[in-house]
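Heads up, the next two complexes both have chain A, just with different partners, chain B and then chain C.
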Partner chain A sequence: MKYIKLLKFDIQNGILKKQKVYAIAFIIAAVFCFDFSNSVKIFKLTGQNQSVSFADCILYIYGGMREYIPSPTNPFVFPVIWVLVFLPLCFFTLNYPYQDMQSFGQQVLIRTKGRFLWWLSKCTWNILSSCFYHGVIYLTAFIFSLLSGIGINRNINMEMLQLNFQIKPELLAAGNISFPIFAFLLPVLLSVAINLFQMTLCLFIKPLFSFLTVALLMLSSAYLLSPWMVGNYAMIIRSDLVLKKGVNFNIGFIIVLALFVLSFICGMIRFHYYDILNRD
Partner chain B sequence: MWNTFKLEIKKSVMNKFFLIAVIIGFGITVFSALYNIDRYYYDLETVSRIERNTGAVYNPTSAGLTIFNCWIGGEGYTLGSSAFFFIFPILVAIPYGWSYCEEKKSGYVRNMAIRSGKAAYYGAKYAAVFLSGGLAMVIPLILNLLLVAAFVPAVTPDPSYCEYYGIWASSLMSMLLYSKPLLYVLIYLIIDFIFCGLISCFSLVVTAFVKNKVVAVLFPFFIMLGLDYSQKLFPSSTDPSISPMKFLHPFPLMRQASWTVIILEAVVFSAITFIMTVVRGGKNEIY
Partner chain C sequence: MTHIEIQNVGKMIHGSTVLKGINVSMHSGKIYGLQGINGSGKTMLMRLISGLIRPTEGKIEIDGKLLGKDITFPASIGLLLENPAFLDSYSGFQNLKMLSSIQQRIDDSQIKDTLVSVGLDPDSKKKYRKYSLGMKQRLGIAAAVMENPGIVILDEPTNSLDTSGVKLVKAILNMQKKRNALVVISCHDLSILQEMSDEIFLLEAGRIVNHMVLEKDN
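Our next item is the complex of A and B:
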């Protein structure tokens, strides 16, 4: 019962009162969808008649970048669309738990007579916030696809993908494929895990440095195609379903789950001994 | 008024956050330096091994790898370089971007406004944030340059090795790199200093609307990301780079930098930050 009350409070204050966050998610998604429609026009101009789908639109937003091969003549350019999808959410979820802990949350902690429920409620809030944020992006892409007559299916157009991400055909794993649903969901799950990791990190270092760590982790993931760089699982085109040398999303699911569980447990233990008073 | 300036500037560079920002910045640039120093010695070793094995005298390509393409600003492909030029908008706001937010909350602004006047206080605050932001950017760059200079010679680059430098005839100040490379580096450091000073002042701008320190410090980063994305409005590869995250890198990343864009953006950034901080702040009701 206490947990439900806490969660209700968090949903009210951390999600419902922050409509601006979801308005920003909608604007970001709408801009990227508009951008995608331009790339579809260019695709059609190249003489391609194959149809594009909702999956291509999602791939455009969550695709990330192709494998980067470091070389003095090939400077690294970070995938700005992908960064603009994931980092704003890290920013939006950065402050609420920390602020709550220093204000009203202190009263709540006293009244609930324990810290576990507070932490569990904040973790649930974090999961819900991430899901809502990505839900808004997916919904915007879905509505955009409906309005612009793009097919609602999971078929990936590999020619379109080559054009958007400048991937050589010999690096691709297969021809046009129907993407499994979990491949679309893994970036969302990773985002949940990363946000939880960031929230846990806030208990050890200041929120600002926690954000900095996450930003560096995401950039390093874009730089290195490796199963150990978790950000790779948030880039759909780095999946082995798309790239021959891509990362396995099944393993990714396990790693993301491990990151989630570890963050939750570490945060819970740390929060148990955390001094909530006299923090700026 | 002079005392207020001195006080604010002292506070901006003599605080732990300034030190932390410089240490983080330098820590990241060390990755780039270690890789490039190693690459330089590997190249020397390769040439001498070929000479030993074949007895032939090979071109040592002494102008191929120099400090000017081994320091962090001379290359754009190591993780250190990529990370530094990605997170610099955060690093430059860390030292003092949060200060106005903190002082507004604690009531310090009111005391200062009574003692020194609002214009002097906001002017001093602007100058201090500008200075700390600029220094937080250039100190790690200079330290990296010095570190690399301890191992790699400062041979004047030869235009016939331009593919090693990524600076072509159409690149910004290409003449200068191949004739007076130190001046080229110095001018870029000045550009970086000015821009990072202005970028950190965006933290002051946002403080007018939000009360949160973290938001104030991270705001410039998202402005820069937005500007980087808006490069899509100029899709042609011949269009100059409009993103400070790209053109503040002395090594051109995809697009070439242009003086017109640099000056125009500097003027726009100055106008926005100055008007929103000093002019608006001077008229603002602080009680």
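Our next item is the complex of A and C:
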């Protein structure tokens, strides 16, 4: 019962009173959907007649970037859309648990008589925040697709993918395919895990440094296509479903799950011994 | 009966000693005053007793239970530390109701009675963010005492309060003593501390340098 009360409190104060965050998620998604519609127009102008789908729109937003091969003639360009989808959430979820712990949360903690429930509630809040944020983006893309007459299905148009992400055809794993739902969900799961990781990191280092660490991890994933760089699992086009040399999303699921469980357990242990001080 | 036993407690934070060799025994029905300049370790000692931080050395027992091992927090404690912090968009009553709903020890009428006792209007819809500093402090005191906890910790309870507010704090402290609570307070105003406390611990640079037992008429 105490957990439900804590969670209700966190949902009220950490989600429902942060409408601006979700308004920003909507704006981000709307801008990229509009951008996607422009790329569809360009695609059609090239004489292509194949239909595009909701899946292509999601791929446009969550695709990430093609493998970067460093060379003097190939400067590294940040995957702006992908970064603008993932990093704002990390920033928005950065301060709430930390601030709560140093203010009203102290009153809550001494009344719950334990630290575990507080941590569990904050982890659940973190998961819900991430899911809600990406839910807004997915929903915006879905409504946009409906309004634009774009087919609501999971078929990926590989020609359009090549055009949007500048991928050479010989690097692609297959032709037009219907993507499994799992492939669309993994970036969201990775986002959940990475946010939890960030929250745990805040118990060891200052929140700002925690955010910078996560940002660095994500950006270095964009730089390096490797199964060990977790950010790759948040880029759908780096999946082995799309690229021959892509990362395996099944392994990605295990890594994301491991990151999630480790972050939860490390955070729980750390918080058990954590000094709740006014850091200011 | 509540009993706090602090044995040879020390605390280091980022390599600095903030408390060292603290030995204190406290019993219910008494008010213990902590005196000392800023940075002397008063608030840190209060945080240790409340379980928010853990000692680097030594141990704290509350009713025979080792804090941090047998119990994470004292079984019954009310706390006002430094500046009170509540939810901005809630009224005073809503804030207290939210807190009291965790333990469900008191009902709405008791929350309202506590608000009246600290001089706040229990039916006011005014949001916490619009409270004056004095009102915030009164609400902080109300949160600390509303559930009649066995241990009451008040860090600078007279901060931001006018003369009537200070009188009110004194009345509340007496009330807590009468109901046999163990009260720990810190206050910059030595006269208030001497008037209210049964025992005073003087802290300097994280150590107790003097322990005074004050004779009271009652």
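Here are a few things to note about the model shown:
In this text, the second predicted complex is superposed on the first by the 280 of 280 C-alpha atoms of A that agree within 3 Å, B and C clash if a C-alpha of one lies under 4 Å from a C-alpha of the other, contacts with A are read in each partner's own complex, and residues count from 1 in each chain.
The rule we apply is simple: a residue touches a chain if its C-beta (ideal position, glycine included) is under 8 Å from a C-beta of that chain, and two chains touch if they have at least 3 such contacts.
Source: prediction; values computed, not measured.
Following the overlay on chain A, a side-by-side fit with no clash is recorded for the pair chain B and chain C. In the superposition on chain A, contact is made by A:Ala215 with chain B only, not with chain C. Once the two complexes are laid over each other on the shared chain, residue contacts for A:Lys5 go to chain C alone; chain B is not touched. In the superposition on chain A, contact of A:Leu94 is made with chain B only, not with chain C.
In the superposed model, A:Glu170 makes contact with neither chain B nor chain C. By the touch criterion stated above, A:Lys17 is placed in contact with chain C alone, chain B being left untouched. By the touch criterion defined above, A:Val77 lies against chain B but remains apart from chain C after alignment on the C-alpha atoms of chain A.
For chain A, the partner with contacts to more residues, out of chain B and chain C, is B. Judged by the touch definition given at the top, the superposed model places A:Leu109 against chain C, while chain B stays out of reach. Closest CA pair between chain B and chain C after superposition: 12 Å apart. Overlap of the chain B and chain C interfaces on chain A: none, as no residue is touched by both. Of all residues in chain B, only 24, 69, 75-79, 81-83, 86-87, 90, 94, 163-164, 166, 212-215, 217-218, 221-222, 225-226, 228-229, 232, 246, 251-254 touch chain A in the complex they form.
Those residues of chain A lying in contact with chain B across their complex are 35, 70-78, 80-81, 83-84, 87-88, 91, 94-95, 99, 207-208, 211-212, 215-216, 219-220, 223-224. Chain C contributes residues 13, 47, 50-54, 71-75, 77, 79, 81-82, 85-87, 89, 95, 98-99, 101-103, 143 to its touches with chain A in the complex.
Looking at the complex, you find that chain A touches chain C at residues 2, 5-6, 9, 13, 17, 102-104, 106-115, 273, 275-278.
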